[in-house]
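Shown below is the structure under consideration.
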Amino acid sequence: MRKKHMTVAPPDPNAAVFIKDLTYIYNPRTPFEKTALDRVSLTVERGDFFGLIGQTGSGKSTLVSHINALTRVQRKYNEDAGLYVCGIDLTVKKPDLKRLRERVGMVFQYPEYQLFADTVRQDVAFGPKNLGLGEEEIEERSREAVRLVGLDWNEVADRSPFELSGGQKRRVAIAGVIAMRPEVLVLDEPTAGLDPAGKRELLALFEDIRRSACPTIIMVSHNMDEIAERCNKVAVMGGGHILGVYAPEELFSRRELIRSLGLELPAAVELSAYLAEHGVDVPPDCLTEERLLAALIERGYAK
Amino acid sequence: MKDVVFGQLYPVDSPVHRADARAKFLIMIIYIVTVIFADSFMQFALIALLLLVVMLMSRVPPLKVLSSLKAIIVLAVVTFIFTVLLNKGNGAENESIYVVFGPFCICTSGLMTGAFILCRIVLLVIGPALVTLTTTPVDMADAIEFLLAPLKLIKVPVHAFGMIMSIALRMIPTLFEETQRIMNAQKARGACFDHGNIFKRIGALVPVLIPLFVSAFKRSADLADAMESRCYNGGKGKTRMKVLRFRAGDIIAMLLSAALLFFVLVCVYNWWNWSWVEFMRTGAV
Amino acid sequence: MEEANKTIISVKNAVYKYNRDTEDEVTALRGVSFDIAEGDFVALVGANGSGKSTLARLLNALYVPDEGEVLVGGVSTDTGDSDKLFGIRRTVGVVFQNPDNQMVASVIEDDVAFGPENLGLPPAEIRERVDYALECVGMSEYKKGTPFRLSGGQKQRIAIAGVLALRPKVLVLDESTAMLDPRGKKEVLDVVERVRAEDGMTVVMITHFPDEAARADRVIALDGGKVVMDASARKALSDVETLRAYGLDAPLPARIAYEMRKRGALLPDGIVTAEDLAEALCGKNI
């Protein structure tokens, strides 16, 4: 018997990602059955720098891998669910995957482990080539992508990606994704394993990329400093549910929620709260280092 | 994906699960020999009955056990058809020939032989399947290493085999996950693994295999460092925390299986001309 | 009576090169020297590529320096004698970065038993050490299980147990928290805290997280294969400018104090923790 698939009301045309009541179950009907997503709904607008936080196992990865159809919608459990990414309906039996992968770029954790080609030029060109673009177009996009990640094309194009430093490898891998000119870029723990300077530089880079190339970024991270510093909206996940979508200021003032989920506060919030508690005249919820410093200056602790 | 580690194992607790893996392995070997020697349907019936008892004790659902036949169903059917068609009959009185076409015919003795071989194949698959369904891969590797121990005498590096098996079992799920992750990463860059002819498909795997090799080499170098740090020295002078000891149940089970083999041999050869043996030869082929 | 701070590791002008005498020769360490005394808690910091992981491998004789020497308990690591080598590796246990790449067995207690089994100890003693080590890291209830379903932090605790089962005097953690989520980091750091408090373990923690380094008593910073800083944690971690020059970060309170000093605030030196900063700022606004 075939069940009819119901169509969900057309999504917000401006949304980059529209998710409604999405469910996903691992190993259904076995002793290992686990509900990873339980009727999750979420909208990411174009232009958002969208944070996704939650403990390991909260369902973040499963959610994110639905966004570019690496995990396919389980139609059996999602008869009334909706999943549109850049206007492409992913709940249908045969979604337009080619168009989808062109529009959604995905930077996995430790992306340098996906490098494979003999030269940086070939590796970065892999994505555009799969899109079936012409030689010139591929070359142009590759150059632009390598420049965007802060590397010098002439210097690295003909080198083997394997002889670059760790940080450079990661940049090449990211260039390989950006060269596809996606509209939505998904980052999974993009700075994991980098040293402090490397982290800072890479994060600044994503801001540039958002301004000049790819307007919407979704970042999955455990690093609350980075979330507080960059994101305009943050979704909190726990136990396969979206527990809320907040502006960072609002989110990190809900200390109880953050603690109950076993998450951390940004270092600046933690410090300003401590200072406020211990007799320093400063608001207890300064989100970033800059804001805390500004507040201290404003209150006359320094000029 | 993490479940590959369990291989065939059906994870419940039962006396069969708890039995020593080496005992199960030895019993399996005795069982295979028994099935190969058995030469009548009556003996098969006895073996099947005992197998049923073990299966019930193991608490593995019968359907799960039977599903192990899926892999050999084609082989079994083809064997059956050829055995039937190529059998020319034995010319006995009760022989009837049903169909003849060209050099082939279908006759009573052909059908009997075909059915007999089919039974033998089924028994040969189900017995070992029960062992893999009730034993963790780790215990199996340990059992194999133990049973290979006599080969040390002829300078076979049994310890190294054991270490390799143990590490392989440990690493297979990790590498499996890694493969999945790399394939996903390349898919996200528009790679396709299920299009085009065989050469195209193999070519499409290059962006997966190279990162996988790079990572496997890194992992093996890391593992070597970690092992050396923990005083690994090629197994020289190594002791074991778990001293393997057969328990009474294991020994009884092994004796019982040896008794079964002996019983079947008596039925086949009837060395002492016992009359009841004729009963066990009912349906001899 | 034994002297309280007896030197246990002594690194003397150590030079280490990868692919020595080939075209691809890379010098990872260029003459590194320091001593570590029993009971010390040292953070070894440095940007990626500064040579800190190479140094970790020199401390338990996985690598032998090309020039200079490394002494563990007075014994040079440059030895062909397997008894001496075992002695060094029993003294200095190293936990590495990737928890998945350190486990040899598919059953947790079997993995922890790997080290003592290699030492050839009697089964009863191995059992005792394994139980003790799993207890230390709080993983006793998982001992019969497989590592695959564990979190990163739990796996890393198993790796630590595998090292503790050798009963080392020095625990070296080579960026052992780098791949873990915040909860996993905390689990590992709690274990470190515990073995320090309960067994007086000497700990060398290699890291580039400033908040982790702040737990140590002493900080050694590496850059380009050389020691560029070796001071008390307070002194080293409040030196924002120097740390930045080597691609490192100071803890947030130190950075705030530094920026405020630049803007004319009169703050005492050596601010590293939130307490330090609160104390310095209290009632100082105009």
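Each chain gets a letter, A, B and C, in the order it is written, and its residues are counted from 1.
Everything below uses one rule, namely that a residue touches a chain if its C-beta (ideal position, glycine included) is under 8 Å from a C-beta of that chain, and two chains touch if they have at least 3 such contacts.
Because the structure is a prediction, the values reported are computed rather than measured.
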{"item": "Most remote chain, CA-based centroid, reference being chain C", "value": "B"}
{"item": "A-B or A-C, whichever has more C-beta pairs in contact", "value": "A-C"}
{"item": "Between chain C and chain B, distance of the C-alpha-averaged centres to the nearest whole Å", "value": "46"}
{"item": "Centre-to-centre distance between chain B and chain A (centres being mean Cα positions), rounded to whole Å", "value": "46"}
{"item": "Distance from the mean Cα position of chain C to that of chain A, given in whole angstrom", "value": "32"}
{"item": "Residues of chain A touching chain C in the complex", "value": "55-57, 165-167, 192-198, 222, 262-264, 267-268, 270-271, 274-275, 278-281, 289, 292-293, 296-297, 299-303"}
{"item": "Residues on chain B engaged by chain C in the complex (per definition of touch)", "value": "2, 5, 136-138, 163, 166-167, 169-170, 173-174, 218-219, 222-223, 225-233, 237-243"}
{"item": "Contacting residues of chain C [partner chain B, same complex]", "value": "57, 60, 62, 82, 86, 89-90, 93-94, 96, 98, 100-107, 109-110, 113-123, 126-127, 130, 146-149, 159, 162-163, 166"}
{"item": "Touch list for chain C against partner chain A, complex", "value": "47-49, 151-152, 178-179, 181-184, 208, 210-211, 244, 247-249, 252-253, 255-256, 259-261, 263-265, 274-275, 277-278, 281-286"}
{"item": "Contacting residues of chain A [partner chain B, same complex]", "value": "27, 31-32, 65, 68, 70, 98, 101-102, 104-106, 108, 111, 113-117, 126-127, 130-131, 162, 176-177, 180"}
